[in-house]
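Below are the structure tokens for one structure; questions will follow.
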């Protein structure tokens, strides 16, 4: 009796299986929310249209953060934009991924010494894939997306989990740089 | 009764699978038209199952209840739909008006849920959807009135049978209404484009303008359910059209071919169009389509001039 | 055996008693209306359905009632007394706000007595007497609300309708020799018949609020107190339908027959006016901001459906019309009561000022939802069955123009009934109402829940009621509608309402299963919505309720005052004509008087022998 | 051709009535006058009466060596296509300039912007000190020449740390001094900053 070949799966294993199936769907249907903050956004039209045709990977643009899976940050982020970006990121439904495009999201790029532009995006929200370059080639952008799919497959694209786990650290960074995330003045009533 | 209901559920499921695949194929076709490679043909399935696997947000019980009501209403509508002459769940009760009004339950559920999300863009989208509905339904209903008056039946399968075989005693029988009422067909085709929310009339979705209108607050499973609802709605509307104008179907292959042709031609036409403003939609439908519909109805009913 | 006379006397005495008690305690006086109207409803319904209502008269002078087999009157009587009974639950809660609370209770019961008399009498003079009783008592109920002017509008149009009814009665008396209703309607003929037809239709239009005599309806329904509004919409308007049945169905068709559609000219013209009523009511309802006025215009539009259906004179149409009377009474009363409940809790019915009531008043919301589903004619509620019957007959007659109007009204009703749903109940929860609002008290919810149950029942199992309506059809001389226990057969197809309800239930269950097995959602606040990344802190900014249908309103807003301007124009012309006449006949200038004297003398001299 | 007559017209109009410190014809559609601080309001009133009805722009330039700010008002005429720049210099110590709100109500937001980025006060405009663009700014106005954006950036925004070391090839003395100063300022900001 001790050599039972067919043992029942435990609950964790069942969950893991389901998660893997879900990952298959998620990586083949990545809907982007394009937060076109800077000049790198110019690389997206060729990536979407007939030259590189993003749709063949199952990717497509979406209108609101609730519907989207991937947050695309294309270029520099000023303080004002970062506030909105964090708000938008928190509105997305999980699992959610972030792709940072261009040098500005990595280390500030040519705006590294500006008083209004942040230097490093992953201090404030978790970034799954960076695409370096100022600005990156369209091939590089496409490659970044393929990388993201590979990461999802190997279960490494878990930035959104990090955001939950290290929420205090992220919040502290946000407050250090921004003062407060949700501003309130005469234009917001 | 139970068997009929199970049959109805399988019709609804068939409609979902069929329309989702054909929508995927159509995305590929449109991609090729635009000199792209296009997505996989099963891309729509991936999208829907992905949405169902995500963790969404909810804005209160009405937000969820509306979605359930929407999907439930549409599934119920699809259950009445005949597919071929004898493949249907409830023979004799596939009344045209059931489809027109039971579909409205789904629409109402969705509108309710969207308004319940508290987003003004959703309310604007609902307003536009209802206004568009007011525009396209009336020319369509006039043409359907003509058809029902000519055939003497309001049951879809009876109308389809009427078009398939020429019976000696019945006038006009044996020709598709697409040929018998050419003007009416054109009007109904325009209305179909409005019904499906295809491009000159997709004012209520308008992603760049009002952030996809009623769907602005949905994500995850609610959006997935609304996608399923949308696919089944399209199935109902296109097969309604097939039965009314293209003579229904003797067997399932003919149905598939007719269905594919209607949906693809709608899609191809819509892809070369821009988008109307909402008042332009109303004015458009109340100008020529309504006039032509009334002319066609008058000519066919009172003068008996049918090709 | 219950004597009708006894019930009328009960209503009148109950009114007086309610007045006296109301002087002592307002609420007790108003509660008395619940008891009296409840008693009257129960006895009318019980004995009416048994066919054992006693028509004998012992005390009341001049009054006479019909013998027991009057199905039409009984069905209307049961319906309207039911509406009075349901609405009376609201009286104790609203009576505080009125200036003359005890008078309110009295007039409420007096008008109930009037309604009973109108539906059960067989004598035209008695009918006219009770008709006037209803007009005069309800006239004093209206100004207890917001506007006194509404009462004068109501009086103006009602008087017009009453006088034309009186005139029609005299014309029929002339031919028939007695005031008996059935004799009069069947014996009148020739040019007299046309005259009677027109006069009766004027009376019906004025009471039903149909185009072009509709102007009083939204004013009265929008401005009178909430219970009165509900009674008007569900009960008193139906007097108009009753008179319309007399003129359109009991009276032989009027005018030459139009060959193409096989219909008399008189009926066709009424159908056109009914169609205009539908379109006009729909268009006006779309652009209202006051929820009560919106439902008022929808009542007008539904009155148009009843008229259109009555003109077609076949089995589906007349049964559809009578069923629509019932459905509309149930649905619009429920809607008005729901809005009344909101009004009591918040103090306003303006859609631009309210929002998010669903979180505090969920039961009221459900009641309103069911009511509007029925009103818009969506299955599985009753409205679908009546609209299905009406559409069947309209299509069968092949009347294209009328069909456009009915389809327009039916799709347009989606637009306007959704508006209060979105603006009052859904959307952002506005801060000024967040703390103070509670769900309405139980005795206000009770009638609303009963009405909702009936709305569903009429949609799921209409055969029971249509069976009864078939008796009415037989009495009216129309072919009976084909009904089995569960299905109805129209001119070109069958309907199985219960099946639709079951299938709808199955669909909802499937959707619910899909919903429940998937991952649970994260609850977020209503203010946490997509705002394109902006931070918004004020609820009003995210609440879209002002000018909801602005794009479509813009297309016709220049033409909305056509009828009002027309009446104003007529009034001005009459005034001008009056001053013209005054100038020539009643002048104090002697030369003009001399001129007239000379002219008259001249005429007498020259043609006097001919005159 | 016509445009040159417009330029002539406006320069004669201004020069006949006001003491112009410096005049410059930028192009055939643009002319610049520098006037005294006290004359700006009168000059703008005159130009508005003559048809320069639109205030296109208001900004400032920081001449740190002269210890002065230069305010630039640009007005536009829709009949005679000439942009007129009115320049005036104000002291850099406690900079203040009377608001032109009564003349051009649209200057409300320009003045707020100038106050936010340069610290110029505009008495007469009740809202000039309200926050407009920079949300929650806590340092000296950022477009002043003595503001060091790099130091601010270093103090506020985390820098990516690289494991490789890079050699600074251009290691001149003057730059070293600057770098030292910057470090001091960073420390100062970190101590004094509100955050």
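Letters A, B, C and D mark the chains as written, and numbering starts fresh at 1 in each.
The working rule: contacts are C-beta pairs under 8 Å (C-beta built on N, C-alpha and C of every residue); 3 or more make two chains touch, one makes a residue touch a chain.
Everything numeric here is computed off the predicted structure, so don't read it as measured data.
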For this session: Return the chains common to the contact lists of chain A and chain B.
Result: C
For this session: Report which interface contains more C-beta contacts, comparing B-C against A-C.
Result: B-C
Exercise. With chain centres set to the mean of the C-alpha atoms, which chain is at the far end from chain C?
Worked result: D
Seminar exercise, completed: Here the gap between chain B and chain C, centre to centre from mean Cα coordinates and rounded to Å, is 35
For this session: Would you kindly tell me how far, in whole Å, the mean C-alpha position of chain C lies from that of chain A?
Result: 58
Problem set entry | Between chain C and chain D, centroid-to-centroid distance (C-alpha), Å | 70
For this session: Scan chain C for residues touching two or more other chains and write them down.
Result: 522, 528, 530, 541
Exercise. Which residues of chain A are in contact with two or more other chains?
Worked result: 64-66, 83, 91, 93, 183
Seminar exercise, completed: Going by residue number, chain B touches two or more other chains at 53-57, 211, 216-217, 220
Exercise. If each chain is a node and each touching pair an edge, is that a line, ring, star, complete or other?
Worked result: other
Seminar exercise, completed: One finds touching chains in the pairs A-B, A-C, A-D, B-C
Problem set entry | In the complex with chain C, residue positions of chain A that touch it | 64-66, 83-85, 87-88, 91, 93, 182-184, 188-189
Problem set entry | Residue ranges of chain A touching chain B (in the complex, touch as defined) | 21-22, 25-26, 28-29, 31, 49-50, 53, 55-56, 58, 61-69, 91-95
Problem set entry | Sites on chain B touched by chain A in the complex | 27, 31, 34-40, 43, 46-47, 49-50, 53-57, 207-208, 211-212, 215-220, 223
Seminar exercise, completed: chain C partner, complex, touching residues on chain B are 5, 8-9, 12, 52-60, 62, 64, 67-77, 79-80, 90, 92-93, 95-98, 101-102, 104-105, 107-108, 111-112, 115-121, 123-124, 126-128, 130-131, 133-134, 137-138, 141-142, 145, 148-149, 151-155, 158, 211, 216-217, 220-222, 224-225, 228, 277-279, 282-283, 290, 294, 297-298, 301-302
Problem set entry | Contact footprint of chain D on chain A as seen in their complex | 79-80, 83, 106-108, 112-120, 123, 173, 175-180, 183, 185-186
